[in-house]
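Two complexes, one shared chain (chain A), two partners (chain B, chain C).
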Partner chain A sequence: MTSSVKSANRPGVGWALLFVAPATLGLVALYLWPFLSTLLKSFQDVPAFGPATYVGLDNYTELARDGAVWQAFGNSALYTAIVLLGVPLAVVLAALIEQAGRGRTVYRVLFFLPVVTLPVAIGMVWRFIYNGDFGLLNYVLSWFGIDGHYWVADPRFTIYAFAAVGIWMGLGINLIILGAGLQAIPKAVYEASALDGAGRMRQFFHITVPLLSPSIFFVTILTVIAALQMFDLIFIMLRSVNNTALADSKTIVYLFYEKAFVQFQQGYGAAVAIVLLIVIMIATALQFRLQRSWVFYG
Partner chain B sequence: MRHTWTAALAVAATLLTACSGGGETPGAANPAEKVTLTYANWSEDQAPAMEQIAAEFQKENPNITVKVQTLPWPEYWSTLQVGAAGGTAPDAFWMLADHFREYAKGGALIDLSDTVKTAGIDMTAYPKAVSDSYTYEGRIFALPKDFDTNGIWYNKALFDAAGVSYPDDTWGWQQVQDAAKKLTDKAKGVWGIAAPIDAQGGYYNTILQAGGSIIKPDGTASDFAGPEAVAGLKFWTDLQEAGSSPTLKQLSDTEAVSMFESQKVAMYFSGAYWALRFHNNADLKGKVDVAPLPQGVKRATVTSGIGNAGYAGSKHPEELKKFLAFLGGTKAAEIQAATGTVLPAYKGTQQPWLDAMPEFKLQVFLDAVDYSVPLPVAGNTAEWQGLAAQYLAPAWEGAKPVEEAAEEYQTAVDQVLAKQ
Partner chain C sequence: MGERRTWPIHLLLVIASLIMVVPFAWQILTVFKTTPEVARVPPTILPQEFSLHAFETFFSTVPFWSMFAVSTGSLVLRVVGQVAVAALAGYAFARLPFPGRDALFGLFLAMLMVPSQLFLIGQYGLIRDFGLLDTLPALAIPGMFSAFGTFLMRQAFLNMPQDYEEAARLDGANPFQVFWHVMLPMAKPTLAALTVLTGLYSWNDLLWPLIVSPSGENRPLPVGLAGLQGQFGTDYPTLMAGALICSIPLVLVFLLLQRQFFRGIASSGLKG
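== the complex of A and B ==
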């Protein structure tokens, strides 16, 4: 395979390159370059301004000893675990909406609205809903004689409060993906099973879920990544006001932000980001490993 | 394959150089050249006055256009830091004492020492506590814009309703505690005072009033656990314990100043900078006034002020210095005072500020200069200040003795200071 043969066989190489150039450049400038410079910084002590000094693994050893880092990872893990409950919820809702006939579009729009809403606006609105004294949630709870809590001011509840919003925010996009998956399931399978006497529940668990499993898997992967990267809710709901629950409610990305942009420790912040990247990679690899046992590629 | 990669790299390289080819050429020092400077701040309340100052400057310097940028407070410092590190920072911007050292040390700020000399700026016209905090290794990097001291903002209507006499300069700590208790009416959802974990408006002042020092004079260690500091912290935890303040959780959900504005708390220790906001709030008309902070072992308040600084990487350093000198001068101060925006730092320009809001005894803040102490800064101030809520909250919530929480906070602060 000499080069002359190759170019003779592929006259469009130049054009091809031209067409991929915008995407490639974007990828290099916006992903590859920042990634490499973050990796480099994680081995350096980077003051806010002025020259960085190489410190080897210092940032990583300090990070391993830092209780705040472990707490943040714990918070992120808890948040992710709860938000994952939104996946089965989305599967059930997607199946129900599919049955809804003409009202389908209305439901889809309703569930999709949070996706197109600015997270900042969502955070502001939920902060009012969660307000311990004047919030809507506690007001509604009081109808049932339930004493509410300070949902986003009490560190015991903040992560759960965020996760509820996280599920709600992610639902719309999950429903779209799962809805598309549902439409790809041949109607004939349902008809055949109905003839064999399968009821709705049975069809759901033995046809819908297995045939939808590739979409469910995809949604799960996206949900885990998005959940591990949660930042905006905590920023809007806790930082913009002087909230004392913030100290115990930090997620890993929030901690990264705080180290790198509030406390001028960019090297340390970069190390946190790299560790997060590794955690996300492991979590994703693990899911790909596990999917073999439950995802069904018809 | 090799060819594909080489070609791709060639394309990439061409495009990249093409992209970076423009811009970057520093403006020649041609005085008639049209120049645009950006001026960043974080206050919607003050933005109109900043626009007015910029317009006034443009009148004198028709070739320079000043664009005022108002950023939200939670994003201000990260935006500024990224901009300064990446070469895209605004030309002029507001600075605070606790962030100043990192910027000055990192060479991000334009040196104004020579400008001060050539423009004949009298540094003694500013409160010394403020101008000192913008000097680094003997060089001046920012000119004081305004300053603030603290007082007791109080709601006269709530005092009248509870039959408690208004605070005045005879008040000591005990009077505040007693009044706060009497003013509290839980059935009505009214508390005597707001006692959040607030350093500048709160416990720094009481620690100093008790005779404490917060940061030891050489800047290498803190003093939060000494008997004076503990007394200063107890002032606030006592208020919490007596139920005279909304709880920490309530104050996290709804900020102290919002509680004060919605007339849920009768007293709020804070700075002069709220005057305009309270003045503009129609619900508070005729109900609010201000008194000096109470006396502990002695009188004390922390003071700080915003400084106007410039970016060392500005493309128009000469015009920028001119603008900063203007910002530090009497005209800019007078505009701030006359609009009631803030208490300007320039000596002798404060009267219009007092006159702009005659319903408040604003002289209180000016008188406080005599016993004011600079806001403590040492090491990475943003880092150790950020730890306060975490360590002090258990004391505020009564879950831990104040002595113990203070001791732990002191240890954590000293660890940060030891890193320098």
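== the complex of A and C ==
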């Protein structure tokens, strides 16, 4: 086919615009404009009724002095740090599943169950398991002579209790993404190293981890972004049952929800959201910087 | 590696699987217990006195079928809308040149990176101003447009051979016919992946439905279930029954369509 025939048959620009029009209208009206209005509102005092007034950086200075905001960011950071432990766990499990032969699908299905269960339902089940008086967890711990706690009623433990559920819920997705990465590693690499007498442990650390590192990096990025946005578990385990531990256990997104949609202080809520955006951008940029030292692109 | 023993691997995986399954098993056992039995210390494993009161309480206090209809209806609207809008735009971004295409696509990519909370205040304002609060469309509308979906579809079309398209065009097909009859059928795996991802997200979402259904009318399952917990905070058998019944539909769909679910999740991983 000659290029002149090709260009003669090129569709006009009109068609292209028709194709992108619905997506572009939606993007502008429901994403770009809301984003800009959040940015604008973060510099305004927005009462529930009546006109907004421009207040400069007031929301941000107030936010910087608000102990509740610092606590929420601290809680989210702690939650994220613990949930990150789920990544190495998922790498080990993915490698085990890859070698499990026939049972592979069964394991994948079992680990995936929490992903297809309503997060609200998961929160309810775990709140029951964590119950300090008659919960399953304290009962199991008692077999080993360990004294239980009020895991979700005592603010010293809530974030840890949430994070354990966060790891449990996230494994299924991480295993699928890592599993796809594992399947891309040529079997010949393992066979060659087995001939050289490498055991499973050596293969795991010297072949699997380096060759899988791009997938591990991607899973880490996703995990951090999702963990910084945790909302459902705290809403279900604390808010909907008026738990007194709520005051000390709020996460960033929970605080944002409360300010913007319960107290309807949308200017202040918008400022919280903007700070969340900045935190996520910094966390992601930091990981891209760090990846140079550990991600291996073969 | 065929000669290596696999039992240590299975042993470790079975232990890990138990941790995945025990919470669900405990939930199911609890559903059939009476409320006083649940509060016993130490807990009973099997129900001592088999009871179905949890199901009765749940169905008599919660409009399950209307919540189920709202969840399903908004899911269908959102999935069909998003797949259609994203496939059209993705095709244009991959194959139909127009001035400013790269800049516009850059805008989509930029929005892809912004966390969803940044849009909520503005989206809520629009839904409220259009008088759509507490309606089914309110649940679905923002999710019908997705930078991620557009991106995923563009990648799919970029990776397809040009030959079929050229041939159809020489036969006199207009761009929509080429898209509909030639390209879309080849994109089926990606369409399935996007359907699964969007459906999963729509079904599970709590925050957005919470914001746009203030009166409690037209509530989807997650919001209704959260309300049940507020009402029956300590009636654990009823709560576990509600959590079980509301979760079962998607779990069943997953068991039927495992392959599509796994492929959908894996393809979201490929964007990295």
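Just so it is clear, the second predicted complex is superposed on the first by the 269 of 298 C-alpha atoms of A that agree within 3 Å, B and C clash if a C-alpha of one lies under 4 Å from a C-alpha of the other, contacts with A are read in each partner's own complex, and residues count from 1 in each chain.
Note that a residue touches a chain if its C-beta (ideal position, glycine included) is under 8 Å from a C-beta of that chain, and two chains touch if they have at least 3 such contacts.
Fair warning: this is a prediction, and the values are worked out from it, not measured in the lab.
Q: Quick check on the superposed pair: does A:Leu246 touch chain B, chain C, both, or neither? Answer first, second, both or neither.
A: first
Q: Figure out whether A:Phe235 sits in contact with chain B (first) or chain C (second), or with both, or with neither.
A: Touch status of A:Phe235: both partners.
Q: Touch check for A:Phe49: first (chain B), second (chain C), both, or neither?
A: first
Q: Could you look at A:Tyr297 and tell me whether it touches chain B, chain C, both or neither (first, second, both, neither)?
A: neither
Q: For A:Gln99 in the superposed arrangement: first (chain B), second (chain C), both or neither?
A: After superposition on chain A, A:Gln99 lies in contact with chain C alone.
Q: Look at A:Phe134 in the shared chain and tell me whether it touches chain B only, chain C only, both, or neither; answer first, second, both or neither.
A: Both: A:Phe134 reaches chain B and chain C.
Q: Between chain B and chain C, whom does A:Leu17 touch in the aligned arrangement: first, second, both, or neither?
A: Both partners, chain B and chain C.
Q: In the superposed model, does chain B or chain C contact more residues of chain A?
A: Of chain B and chain C, the partner in contact with more residues of chain A is C.
Q: Once the shared chain is lined up, is A:Phe144 touching chain B (first), chain C (second), both, or neither of them?
A: Neither partner.
Q: Where does A:Phe264 make contact in the superposed view: on chain B (first), on chain C (second), on both, or on neither?
A: Once the two structures are laid over each other on A, A:Phe264 reaches chain B alone.
Q: Intersection of chain A residues contacting chain B with those contacting chain C?
A: Comparing the two interfaces on chain A, one with chain B and one with chain C, the shared residues are 6, 13, 17, 20, 24, 133-134, 235, 240-242, 257, 261.
Q: Looking at the complex, which residues from chain C come into contact with chain A?
A: Within the complex, chain C contacts chain A at residues 1, 4, 6, 9-10, 12-13, 16-17, 19-24, 26-27, 30, 38-43, 84-86, 88-89, 91-93, 96-99, 101, 104, 107-108, 111, 113-126, 141-142, 144-145, 147, 150, 166, 169-170, 174-176, 179, 200, 203-204, 206-207, 210-211, 221-222, 225-227, 229-230, 233, 236, 239-240, 242-244, 246-247, 250-251, 253-255, 258, 261-262, 265-266, 268-270, 272.
Q: Using the touch definition from the top, list the residues of chain B that touch chain A in their complex.
A: Touch residues, chain B against chain A: 2-4, 7-8, 11-12, 15-16, 72-74, 77-78, 81-82, 84-85, 102-103, 105-108, 189, 196-198, 248-256, 380, 382-383, 386-387, 389-390, 393, 396.
Q: Within the complex, which stretch of chain A touches chain B?
A: Checking each residue of chain A against chain B gives 3, 6-7, 13-14, 17-18, 20-21, 24-25, 28, 47-50, 130-135, 150, 152-154, 235, 239-248, 257-258, 261-265.
Q: Spell out the part of chain A that touches chain C in their complex, as residue ranges.
A: Its residues touching chain C are 1, 5-6, 9-11, 13, 15-17, 19-20, 22-24, 26-27, 29-38, 41, 93, 96-97, 99-101, 103, 105, 107-122, 124-126, 128-129, 133-134, 136, 139, 142, 168, 171, 173, 176-177, 179-181, 190-191, 194, 200, 214-215, 217-219, 221, 225, 228-229, 231-232, 235-236, 240-242, 253, 256-257, 260-261, 266, 269-270, 273-274, 276-277, 280-281.
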